[in-house]
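First chain written, first letter: the chains are A, B, C and D, and each begins at residue 1.
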Amino acid sequence: MPSHLALLSCLLVLLLSLDKFLLHYLKKRLFSGPRIIPSGGASKSRRSSMAAAPKWSETAMLVIDMQKDFVDPAMRSPMLVAGGEAVVPAVAEAVAVARERGIFLVWVVREHDPSGRDVELFRRHHYSGGKGPTVKGLKGAELADGLIIKEGEYKLVKTRFSAFFATPLDSVLKTAGIKNLVIVGVQTPNCIRQTVFDAVALDYDKITVLIDATAAARPDIHLCEYTCFHIKTIFLLLEI
Amino acid sequence: MPSHLALLSCLLVLLLSLDKFLLHYLKKRLFSGPRIIPSGGASKSRRSSMAAAPKWSETAMLVIDMQKDFVDPAMRSPMLVAGGEAVVPAVAEAVAVARERGIFLVWVVREHDPSGRDVELFRRHHYSGGKGPTVKGLKGAELADGLIIKEGEYKLVKTRFSAFFATPLDSVLKTAGIKNLVIVGVQTPNCIRQTVFDAVALDYDKITVLIDATAAARPDIHLCEYTCFHIKTIFLLLEI
Amino acid sequence: MPSHLALLSCLLVLLLSLDKFLLHYLKKRLFSGPRIIPSGGASKSRRSSMAAAPKWSETAMLVIDMQKDFVDPAMRSPMLVAGGEAVVPAVAEAVAVARERGIFLVWVVREHDPSGRDVELFRRHHYSGGKGPTVKGLKGAELADGLIIKEGEYKLVKTRFSAFFATPLDSVLKTAGIKNLVIVGVQTPNCIRQTVFDAVALDYDKITVLIDATAAARPDIHLCEYTCFHIKTIFLLLEI
Amino acid sequence: MPSHLALLSCLLVLLLSLDKFLLHYLKKRLFSGPRIIPSGGASKSRRSSMAAAPKWSETAMLVIDMQKDFVDPAMRSPMLVAGGEAVVPAVAEAVAVARERGIFLVWVVREHDPSGRDVELFRRHHYSGGKGPTVKGLKGAELADGLIIKEGEYKLVKTRFSAFFATPLDSVLKTAGIKNLVIVGVQTPNCIRQTVFDAVALDYDKITVLIDATAAARPDIHLCEYTCFHIKTIFLLLEI
């Protein structure tokens, strides 16, 4: 189909030109130095003030939905995010860097009632007989192998895409003095993006999404979200 | 630049194949018959129950941000959505159909304090001297020419992308018995999409976005949002 | 002053007559018949429609904060609600009646991070060394002896007074078709009252608080909340 | 019963001594010096740090519901708060002091749709024929005579008791650096108290209610709210 060709060509160009530059560029920024990429508040006048080193104590990393039902194909969950498993190492690396820098780590997970009564309407048919995706207490709700919550880190349970929707996250972050967010996990067009946009609405200052520590069910959508939207939308549109 | 070529080819394919089919297909559905396109809750088992004619009394149309500063180039507003002016007639047509069917009309507008203190952080630099985009009482906050609020329709003031964020909209809709939403206005990747996703989070049943009665600052982003995401995301990803 | 006299006479009458009449009157209503006491929506015109038997399937019972740290003196918690232990049997009785009638049971509990970072500011000094009131996983967060959550019932974790604040409770209740609430637990002037008022704000229809299945740190405050405020406020003031 | 006796003696003492002492004591604190009465965060350890002069730039005054339909008997509104008119001068005085000190002034008002569709359920029967209490644009929604909004002050429209419920108030205050609140207006057991408790839930630091610049429909309820609850509840109960 023609639209597939378009997406394919789009994808090829991205793979060739973008990967080497943009993806690792963003990662490098977080990992190697004190500057982070602003997404929510980058007017020219504010950018200059970013030359000063940010205080890592004002930054939190949100690790979103890195649970077995979302990233481990062995679970055979209907909620599996195809690209999820591949980014587990990148997420683990990001978490390690965050711990090293003293960045506040928030582990955002879905944990649902066995009945599914706290799930979005369009997903409730997945729940029956006390089973379903990321039911509290079942294996599918556990973090992916290799990821663990250490003492002093915060576990936040959510029931919708956005980590801020109907949760105490904003209070936990604001009273901890957090102004900047770095976001990793799955999946890009839903939970990642909704969390980013709610963070913008809730007046966080700088919001960074690590492209190669996030993933979507389909790689073209993941890439397109950043190339068509985040880079060109958050930076161009949100900046006007 | 290569990525531009990719977007261009993507766009061309979309213009050739999509326009005639998808755009008017959705419109036709709303205008000509009782069936509407579900976005939020289309599991197979639920689809069958949609064969029954929906009650229009359970449907509301949200007209989002159709204000002069967003759609009228003569205002020279930094908030101008390039594609906005072109869809005013389509929005007016949708509104007329909604009135005919007795659909509850909600006019969602931004109205900001002259100081800009209730605007998103990244936009506050646009406000000074009591002026700025869609300041309450100024001409830029008025509805685009040709659009008027009639008696019995509801005006909702918001200060963020989503029409549900920090507003009484959910209460107004739910206590009016509204279960389904039809959304028109500007702009696609921000206010439209955030309103759609919040509506999903807030358990609305069927959510329809009229592609050709919505617009973005750039047509490729507008189209891509629907083709890469809404059609392929809301329908494919949200359905799983 | 006349108003002072009124308050005094009001008090005397209450002391003499209230305990035996009002407290058990409300209880009797819930336990013995299909009528429940409306608090939130009792205009004259709507009252008449209440003659019809309500559907218990549209009613939920919220059991609030019946945790060891709040009601069990043996825990020696700074959060102990003095009157809490005495109402455990009444709460258990109310729960039994609710189960019998098929009323949806929601067990609202506080569970806090060991650091106290998700607690109200004015209570954070109670948390140190991984200990503090109702810390998740510790004994103090468990339900009081004699109260258990059965299959099919819902456990809701909150971090503030109101059961609706920053939780998915409203979504869980509304998508379950719940319109009416019955509230038991501790403590009257804080968690009970804030939950009631948020329920009013969120458009629940009939809200009933069982006076003798609720309690406060001080009995005079508990009584006064109902006699001066709930009965005379919700019924007289809210009704105007 | 002892608790009844306690309540009775408490009442007598209050009648004799409270008016002259407590009411003006609080007022004096705000008006005459830099110290303000904390309600939300007064653990002993934090109190000592309050010896330092607070910055008025971190304090906002919320003037709540001082509209003709609530405080002007001539409007013959069913929403009239009997004690409201008497406190207009005290509110005006508080506003003048706030302006002098550079305290950020927020004028919180109700403005409802003529249909009443954005009013609490229990009040909707007051709306018909495009009329009803504090309908947007009608005289009853105007501020009481003698009160005006000056340039640089913020008008916030709400539709429920709490000024924070479904409004952008928290964002406006937090992004303005506000940590402390002073609250005046009507009426004590509903809008005032709900705003105070939401402010506690939203992590504001010091919250002061000016007793004689607030009022209730009945003076006994107004007094009792403060004497039984605010003074003895916020200070004693909330502090534990």
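Here, a contact is a pair of C-beta atoms (placed from the backbone, for glycine too) under 8 Å apart; a residue touches a chain by one contact, two chains touch by 3 or more.
Small disclaimer: the values here were computed from a predicted structure and weren't measured.
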| item | value |
| --- | --- |
| Length of the shortest touching-chain route, chain A through to chain D | 1 |
| Chain pair showing more contacts of the two, B-C and A-B | A-B |
| Fraction-based call for chain D against chain C, same above half, different below | same |
| CA centroid of chain A to CA centroid of chain C, Å | 37 |
| Geometric centre distance via CA averages, chain C-chain B, whole Å | 40 |
| Distance from chain B to chain A - Cα centre to Cα centre, in angstrom | 25 |
| For chain B, residues that touch 2 or more chains besides their own | 121, 160, 171, 175, 203 |
| Chain contact graph, described as a line, ring, star, complete graph or other shape | complete |
| Residues on chain B engaged by chain A in the complex (per definition of touch) | 2-3, 5-7, 9-14, 16-18, 40-43, 45-46, 78-79, 120-122, 125, 160-162, 165, 189-190, 194, 197-198, 200-201, 203, 205, 217, 220-221, 224-225, 227-229, 232-233, 237-240 |
| Of chain A, residues touching chain D in the complex | 171, 174-175, 202-203 |
| Chain C partner contacts - residues on chain A that touch it in the complex | 113, 115, 117-118, 121, 152, 154-155, 157, 159-160, 166-168, 170-172, 175-176 |
